[in-house]
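There are two complexes below, and they share chain A, which is joined by chain B in the first and by chain C in the second.
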Partner chain A sequence: MSSNPQLRRAVTPWGSFSWGYSDVGADIFIGLGLVLAYAAGASNFAFLFAGLVYVCIGLAYTELAAAYPVAGGGQYFVLRGLGDLFGFIAGWAVLLDFTIDITLFAWSSVDYMSQLLPAVLASVHPWSHFLVVLGLIGLLCLLNVIGVRESTAFQGSVAAVDVLSETLILCFGFLFAFQPQILIHTMHVSWPSMFGLMQGTSLAIVSFVGLESISQAAQETQRPASVIPRTSVVLILTILIYAVGYSNLALGMQMWHPVHDAHGHAIAFWQLFPGNGDNQGKAVALLSAQIPYYGLLAQFYVPILGAILLLISANSGVFGSSRIAYSMSTSKLLPSVFQRIHARFRTPAASILTFCGLAVVVLIFAALPQLDHGARAVYQRLFHGEDGITFLGDLYAFGAATSYSFVFVALVALRLFDPMTPRKFKIPFNIPMRVRGERVEFPIIAVIGFIGIFSILVFTLITHDIGRVAGPGWLILGVFLYFLYRRNKKLPLFRSQPHDWRTAQTSILKNAGELELMDEYHANLRASDERKRALR
Partner chain B sequence: MHISLAGVLVAVFIAGMMASTLWWMLHPPTSFVQRLAAQAEHQLERLVGSVIVVFSADIESGHMMALAAKLAHGERSDLFAVYVVEVPFTLPPDATMPDEERAALDSLGAAEAIAMHSGVNIRTDIVKTRNTSQAVLDLAKREKANLIVLGSYREGKYTSAPLGSDIEEIAANAKCDVLIGVEGKHGTLLVDETQAGADASPEKA
Partner chain C sequence: MIRLRTGFYFLYVALGTIILVRVLSFGVRFETITGIVLGILLIALGIYRLFQVTRVRTSKR
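Now for the complex of A and B:
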C-alpha cells in the first residue's frame, strides 16, 4: 500500500452524474437564449447538429475516462496520445474554457436573479449587474482559497431537483403548450441565413460543454471503468434530450401570456431573444413561465434554481481551472507555482487567484460596452456590436471546440499506439487493422466527431468577430509562454520528455481499484512482449 | 390551451427515457471485489440471525455483549443472553447458589442495558448445569442459534487450556459459528514486546 495520501474514492454513480450535470446541465440555461437569438427558426436544427457532434465527443470522453481514470481529463488524454506540446495546447484551451466558465455562468446567474430582482437587470442597471457579477466571482475565489466548497450532497441534491424540474418543464410544456403546426410554421418562415445558422450552431455547442468534469472526477469515482461509461452515456442522453426538446418547444409553443411588439402584434416566443441580451441570459426562466398552470409555480422557482445551478457551474470553473493547472504543472507543462499549496488553507491559492483574476479581466471586456458608451461605439465598429454574453459564449465555444478537436485526435492515436490498455467501454463502429504488429481498431466515430467539431470551430472563427481574435490570441500567448518556460527549464520545446506510461497505467488502474483491468493490462503487455520476442 | 397528440407523445417519451436511463445508470454491474463483499455481508446476515451470548463464572462476556449488540442492531436480529451456573457434583443439581445467581443477575442486567442502549431486543435466562460447555451446545441446538458469542476466561485461571476448556469444547463442537473475544490484557506477547522495548530504550539512549 502507498503511504502517500490518495484522493478518496467517494464519488458514487449519482455523484459522478451530478458532478458532470452541475457543469453541463447549466449550459442549456445559457445556450437556449443565445441559439434562439441567432439561429431563429433553425435553432432545433442547430442544437441537433451540435448535439450529434456532442454525442461523438461524449463517447470519446467516455472511452478515454474509463481507460485512463485520472484527474487531468482531456488535457491528460491529449498529453498521453499526442505528447507534451499538444497536451499543453489542449490543456490551455480547457483553461480558457474554465476561465470563461467562471465569468459566463456568474453573469448568467445574475441574469436569472434579475427575473425576480429587476434591480440587477443588465440593460437597465448595468453597473449593479456588473458589480454583482464581480462580487460573485470574488466570493467564489475567496471560498475556494479558504477551502470551502459546496458539499457533494448539496451538489447532488441541486442536480436531482434540476433534472426533475427540467424534465417537468419539458413534459408539461409539450403537454399544454406545444403546437406542431406552430413549429412547422416557425421553421418555414423564420429559417435563418447560412451565416445565422453557422453562428447559431457554433453557439449551440455551448449547451454541451462540461463532460470534462466527469473525467476530472474519475480519480475520485468508485470503480470508474464501470461507472463512468454509464454516467457519461446518461449525461449525454439527458443533455441531448433537453437541448433538442427545449429548442423544439421554444419554436413551437403557444405562449400562455402573449407578448406584443411595439405595433401591438403578438410575437412568437423565440422572437423575445434576438438583440435582447437580458432575455438571452434567462431563456429557461422565460420559457417555464409561459407553460399553462405549471408556469404559475415555475416563474418563481426556476429563476432561483437556475441562479443556484449556474453559480455551482461557475464554481466548477474555479476549481476545474486550478485542477487542470495543477495537473499541467505536475507534467511540467506549466510552472511549478501552480502546484504550490497555501500553507494555511491547504488549497492551490496561486492557481485560484490567477484564474479568478483572468475571469475578472474577461468580465471587464464583456461588460465594457454596456458600462461605457465610448466602448460601445468601439465594439460596434470593430465587432459589429456583439454584446457581453455573446462575447463570452464565443470564447466558450472556441475553447471547447479546440480542446475537443484534440481529444478526437488523441483518441485515434491512443487506439493505434496504446492498444494494450483495456477499454471497458469502446466506441462502436471500428475498422480492425494492424499497427506495429499489434491488432488495433480504428474508430470511425472519432473521425466523424472530429469533422463535426472542427466545422463548429471554423463556424466560430468565421461568424464571431471577437472569438476570431481572442480565441487564437489566447492560444498563441499560451504557446509563447510554454516555449519560454520549457527553454528556461532546459526541457525539449517540441518533443516530449520521456514518460514511463506502463508504470503510470498500472498505477492508475491500481489506484482506481480496477484490479481485474490491471490484470488484463499486464496480460496484454506480456502477450505483446512475447509476440515481439517471437518476431525477433 | 390546446393539447396535441404529438405533444402528449413527446412528453411521454421524455418522461420514459429519463426514468429508464437514470435507473440504468444507478445500477451498474458489480465487480469481483464487490461480489466478494456482498457474499461476506450475506454470510454475516445469516451469522447474526440468532445470537446467543454466553456468560458464566469463568466466561467474561461483557465487552463481547456490546459487540454482539452492535452486530445485532446492524442486522436487525434478536439476542439471547444466557448465564450458565455450573453446579458442582458435591451439590444437588437444583442447589441454590446465591453468590453465583447474584453475579448472573448483574451480568444479565448489564446485558439488557447494553441491548437497550443499542436498540436491540434481548431475552435473558439463567441455566444451571453440571457441564457448562454441554449446556451451551444444547442451548444453541434448541434455539437454532447461528452464532455463539463468548468472552474469554479470567486471567490466570487456566494454564493448560489457553482459552479455557469450556470455551475450547464449545468452539470445537458447536454446529454454528462461534465468536470468541479474548481481551488483549490477557495476552503475554504484547506485554513482553512492550517490556523488551522499554528495556532496550535506555541502552539506545
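Now for the complex of A and C:
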C-alpha cells in the first residue's frame, strides 16, 4: 500500500447519475413497505413531506458538490463551513448511515430473492437468511477493494433497466389498477394516529438517502461542476416521482389477485405490511405482482431486479463509507490508516475492510432476535420487539437526518463566509446582504430544509426505541474517540486546526479539471483582497 | 437512441396527464393533493427532459 496515489477520475455523467440512482432509487424498494406499515392511509403524505425535504437537501448537495467536488460530501461541507468538531460529528453520522446502508440493503436484497426462492431464503430459515446476507457483504467488500470502474459500468446498466421497469410498473398500475375512489376511501378509513404518522414520516426519509453518493463520486467524476448539477436535478425529480407514485398506487390500487384475511374478507394492499417484517422487505415485488397484465412478467423479474439494485445500493454504502473515511482522515479527523490507497487497485482498501467489518457487527445485532429466543425476549422488553429491518431503518433515518441537518447549517455558513468560491449552480430564492464587506446571498431554502429535516430527526427520536438509544450512542462514542485521537496527535480538541482553504480550493478545482472556475476563484480572491486593502 | 429517449419522456408527460385527469375528476380535495402533485411532477420532468434531449439533437446537427 502507498499513501501517494490519488483516487482516479473514472466516473462519467451517466456513472454519476447511476451511483446516486442505484442508492436512492433502491430506497423505495425498502421504504415503501416500512412506511405503509406505520403510516397506513397517510403513507402518500409521509412520502410527500419527506420528499419535499429531500428536494431541499438535494438542492443543497447539488450546490455544494459542484462547488467543492471532493470525496467526503456532507462531511467535507460541514468541516469547511462549521469547523473540525462539527465536521467530524456530521461525518460520523454519515458513516453510521453508510454502514447501515451496507447491511440494510444486503438484508433487503435477500428478502427480494426470497420472493422467488421462499423455501431457501425466507425468514422461516433465519440462519440461511443471515448467512446469505453475510456472504453478500463479503462479496461487496472484495468488489470494492478491486476498483470503482468495474462496479460503475455494472451499476449504469442496472440503473437504466430499473428506471424503465419502475416507469412501466407505474404506467400499468395507474392505467389498470389505480382507482381514485379506493385512495380516497383508504385515506378516510385508515388515517393513522399522530404517533404513527410521525413514525411513518421518519421512515419515509429512508427512501431519499443517497445524494451523498453523488458528492462521494464527485472526486472521481470528470468535470464535476458541470456534471453534478445536471445529474442531480434529474435524480431528485425522478426519485420524488417514484416515491409519491408508488405510495399513491399502493393506497389506491385494486388488487389483481385479491388477498383474504383469516375471516375470508378481502384486504387492501397496504394491509399486507403492518407487523409483517418479511413483506416490508419486498414491498415493490408484491406490488408489481398485483398490477394487471404487466404483473405476469413483473412477478418474475422485479424480485431479481430489486435484489440486484439493492445489492448495488449496498455497494454504494461500501464505496461511500470508505470515501468519507478517506476524506476525514486527510482532514485529520480520523487516523491516517483510512487514507491509505492500495498501490495496485488505487482504492482505500483499509477503510473498505473496516466498514464492512462494522456492517457485519450491525447485521449480528439486527439478526439476533431471529436467531436466538433469549435475545428476542430482551429486544421485546427493551425495544417493543422491533424486527431486524425496522432496527436498521431506525438507525438509517437517524444518521441521515443528523447529517443533513448539519449540511443545511454548513450551506448557510459557506454562503456567508466563503462567497469567493464560484458556484456554477446556486439554490434559488436568496436574500442579498453584506457580510464582512462582501456581497453574499442568504439561502431561504436552506432554512426551510433545516426545519423539515430537524423535525424528521425529532420524529425519529420520539417514535423509534432503537434509534433513540443507538443513534445518539454512536455519536457519543465517536466524539469520545475523536477527542482521544486529537489528544494523541496534540491537535486542538474543540477548536479547528489551521486550514489553508485557499490553497485547498485551488487544488480541488485543478484536480477536477475545472480550470475556468479556478481562474474565476483567483479573480474573486484578488478582488476581495483589494477591497479589504482599500477599506484599511 | 435519442428517438428512444424522446419516446420515453413522452410517456412521462402522457402518464402525468392521465393521473391528473383521473384524480381531478374527484375534484381538488385533501385526499387528491398528492395525486395532483404527482401528475404535475411527471409532466414537468417529462417536458424538462424533452427540452434537454431536443437541445442535444440540435447541437449534434
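Criterion: the second predicted complex is superposed on the first by the 503 of 536 C-alpha atoms of A that agree within 3 Å, B and C clash if a C-alpha of one lies under 4 Å from a C-alpha of the other, contacts with A are read in each partner's own complex, and residues count from 1 in each chain.
The rule is simple: a residue touches a chain if its C-beta (ideal position, glycine included) is under 8 Å from a C-beta of that chain, and two chains touch if they have at least 3 such contacts.
The structure presented is a predicted model; accordingly, all values stated were derived computationally and were not measured.
Novice: Record, for the superposition on chain A, whether partners chain B and chain C clash or fit.
Specialist: After superposition on chain A, chain B vs chain C: clash.
Novice: In the overlay, answer first, second, both or neither for which of chain B and chain C A:F45 touches.
Specialist: The answer is second: A:F45 touches chain C but not chain B.
Novice: Does the superposition put A:S247 against chain B (first), chain C (second), both, or neither?
Specialist: The second partner, chain C, only.
Novice: Contacts for A:T231 in the overlay, against chain B (first) and chain C (second): which applies, first, second, both or neither?
Specialist: first
Novice: Looking at the overlay, what does A:H188 touch: chain B (first), chain C (second), both, or neither?
Specialist: second
Novice: On the A-aligned overlay, A:Q155 touches which partner chain: chain B = first, chain C = second, or both, or neither?
Specialist: neither
Novice: Considering only touches as defined above, state whether A:T390 meets chain B (first), chain C (second), both or neither.
Specialist: A:T390 contacts neither chain B nor chain C.
Novice: With both complexes superposed on chain A, which partner does A:W14 reach: first (chain B), second (chain C), both or neither?
Specialist: In the superposition, A:W14 touches chain B alone.
Novice: Does chain B (first) or chain C (second) touch A:S207, or do both, or does neither?
Specialist: A:S207 contacts neither chain B nor chain C.
Novice: Which positions of chain A sit in both the chain B and the chain C interface?
Specialist: 167, 170-171, 174-175, 178, 180, 233-234, 237-238, 241, 245, 248
Novice: Going by the contact rule set out above, which residues of chain A touch chain C in the complex?
Specialist: My answer: residues 44-45, 47-48, 164, 167, 170-171, 174-175, 178, 180-181, 183-184, 187-188, 233-234, 237-238, 240-241, 244-245, 247-248.
Novice: Over in the complex, which chain B residues touch chain A? Could you list them?
Specialist: It is residues 1-4, 6-8, 10-11, 14-15, 17-18, 21-22, 24-26, 28-29, 31-34 of chain B that touch chain A.
Novice: State the interface residues of chain C toward chain A in the complex, per the touch definition above.
Specialist: Interface residues on chain C, with respect to chain A: 8, 11-12, 15, 18-19, 22-23, 25-26, 29-35, 37-38, 41-42, 44-45, 48-49.
Novice: Touching chain B in the complex: which residues of chain A?
Specialist: Within the complex, chain A contacts chain B at residues 13-14, 17, 163, 167, 170-172, 174-180, 223, 226-227, 230-231, 233-234, 237-238, 241, 245, 248, 254, 256, 292, 513, 515-516.
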